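Think of it as A, B and C in the order they're written, each chain with its own count starting at 1.
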């Protein structure tokens, strides 16, 4: 019997709860320092305790997972803590397409896949002297957080860059890249593509809750100017949304193009959950900043299903449960190899 | 057997899912360009393909709907795309009171019904020279979106009006009307009034997610001032809320007054779903800007029921399902004529 | 048979719905002016009509509740409308530890318990001349609302204090206390501690929706400066959130420390629901401003369970239902005395 395993972080609770609800044995590769948290949950059957998640590459983990016929569900922490080479070297079967995770991590490959998908992406700005209007400076490799700032002209940019250099957050211009700031409201579009059925499912949408930028609006304008703060973008949570129904045609179209482009660029393609992350502008046009080629944390909102999954399934269907359902369906047709790498 | 039909837009998915859950045959009057989206959903039994929703007035549509004993569920798109005369000319039975939809479209009738309901409405401002303090200029006929702006004095108003004239969005003062800006936080109060039981049900509350105004708070004050942007109010989605329980007495009172006023002004009254849309000020007093005399898109959040519908019903009760339940109840008592026009 | 009673306000609907779902008889101590609202709900079995909630101390109420073997579920209204001595004098058994409610009301005791729990709290600022950077002035005894303002230096403070004195909201400096403003995003962490099992459950998280401060971000910076408004913090509702999973270890740790500190300082400790209320800063560190030592209104979002309660329970578990479940469990073991005071 296949069992389902994941790293103890990010969306592990949702993923293993979904797996348990689908009848699977559940295994958590768990850092010792977080064991106490995860022991609280009855739906986690077995713990593989590690000092570092990198031990998932080692023989001990590989053996335990193999004995359990485990499939690993990849999520954000795998990508954050291990290099693409390390991930690709993992011997245990990984749900989805582990080769596409590299395309999420590498900024150039990421942009290539978004362009191939004909997604509208933010316009790059070559350098500070080209800044004309609202521009965002992003720090290479920053998983959101410090080092992002807005600027409206070169002088403004220099002032803020110098402040971040003084604070030791960056070394200089080389640590930053510039994009036209996409005015609008953010949305994280959650999808599931089934290699078994060939169908794309739109599963839900969320917004990120970021500190301290999402607290900025509660500080009156004059006070903001007086204290001269540069806000950060550290994700601390997510909140739920639904989209205007007239936008759904395009939501599906973008998802389909992404799936097709992924098939062309990185076989076997975009198997399982993914997310297009961006902003709707004042004309309700979507600009994609990023994608995640695996389950995103915003799905944690929808443990009991979302307003979208409830249109497709007659039981509460979280993304974690959907993944387990796919594995169950593949198992029953002896097609597991179609959905793991 | 009665079947349930609606236009393919706005809240069609929720409405037909609810109808299917209540055992009805479901029919979608669907624009050909959106067929692909709606074909994804298994709960839609039959498609009536059209080039334009106006074809619902034509014999072909009328025949198909008649053969199916269909009742049309009206929503925002019907009102947006057809004039009141056109809607009133539709031969197929429409759930609710189709005569009240005119009162939603016409600004004077809308205000008359809100005043008759003794709802607190925003204070009108006669002209730019009367601006004293935070004022909002709204564009006639704009379904939110471009052409709305805030001004604090006449000079500020003139500057922004001229900018919109230059951009071709308006022609001049005649396209705008002014209201005192109601400071506070927005809330969309969703109700269902049953003509069969004589009872009002408070069904849920949501907030709109509007671009790019809801992204404004994430732009630091100094940058806002530097780029001199005039935000737009284009609805791209909705997010969930609950209200402080001490506000519910007044929520119900406002809803009851609206239902009573509708009975007096436009027989047979406010049958079915409606929404009071406005703002809670710093003293938790509600100012109503608008109402919708039919189901609103914010109900799409609550496909599985809301924290309010769950207090009334023992199964997941969306607004779409509630409508279908009402039709089912009416059918069983041979009282369909009470709830359709 | 035990029955469950509460005051008609705050979260009464959720609490009695949960009690009804657990099979209890439900009793509402209801102000006559709010009877109409609460009569709408079928799950409230009996009404004890009063002119004031203080009548809960009187013999008439005490007798009716005693005849019904009622346990009172305390919530925010009890604390807002009755002094600690009055609450402690109530003869009817109160769910949880009524002695801890005093620690929520009294600012010094509140701070003592937060410090004992080793929670990070805002830094106090001695007086206006010590203001260096973003500071918040809070009005003693204000349940949010008027009289809170931000200041960045002494002059700014004086200007705003004088404005509030002119408006009759405060008398002078003596009505205010100052704290370093905690930049970040707010979160209300909802917990349930079971005296029966010795286990802490993290039940959900929400954000407050406050007027008019949460509408501030929709007013462009220049307009904010022009009209010179001082926003208010009047809670009108709540909205849902989930937290980043990597924060959960610390969420539980804070909750455990609070439970342990409560056991030491105010026997029998923190029985039942409580809430830690604060802000996540840009480094995702939590500063606790307040706690509630009983159920909070944000739980009204989760009548059908939250993304967290759904990880623990296989049925929809609101906080109100969890309380009723605890009473039911205690009843079955004859241990009611462990969870009431």
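To be clear about the criterion, contacts are C-beta pairs under 8 Å (C-beta built on N, C-alpha and C of every residue); 3 or more make two chains touch, one makes a residue touch a chain.
Everything numeric in this text was worked out from a predicted model, so none of it was measured.
For the pair subunit A and subunit C, the fraction of shared interface numbers is less than half, so the two copies use mostly different residues to meet.
The best fit of Cα atoms from subunit B onto subunit C calls for a rotation angle of 120°, in steps of 5. Distance between subunit A and subunit C, defined via averaged C-alpha coordinates, is recorded as 34 Å. Taken residue by residue, subunit C touches two or more other chains at 214, 216-218, 221-222, 224-225, 229, 231, 239-240, 304, whereas all remaining positions touch fewer. Across the interface of their complex, subunit B is touched by residues 133-134, 150-153, 156, 183-187, 199, 205, 207, 213-214, 216-218, 221-222, 224-225, 229-231, 239-249, 252, 279-284, 304-305, 307, 310-312 of subunit A. Here subunit A touches subunit C in the complex through residues 9-14, 17, 33-34, 36-37, 40-43, 145-146, 209-212, 214-224, 226-227, 229, 231-232, 234-240, 297, 300-304, going by the rule given at the top.
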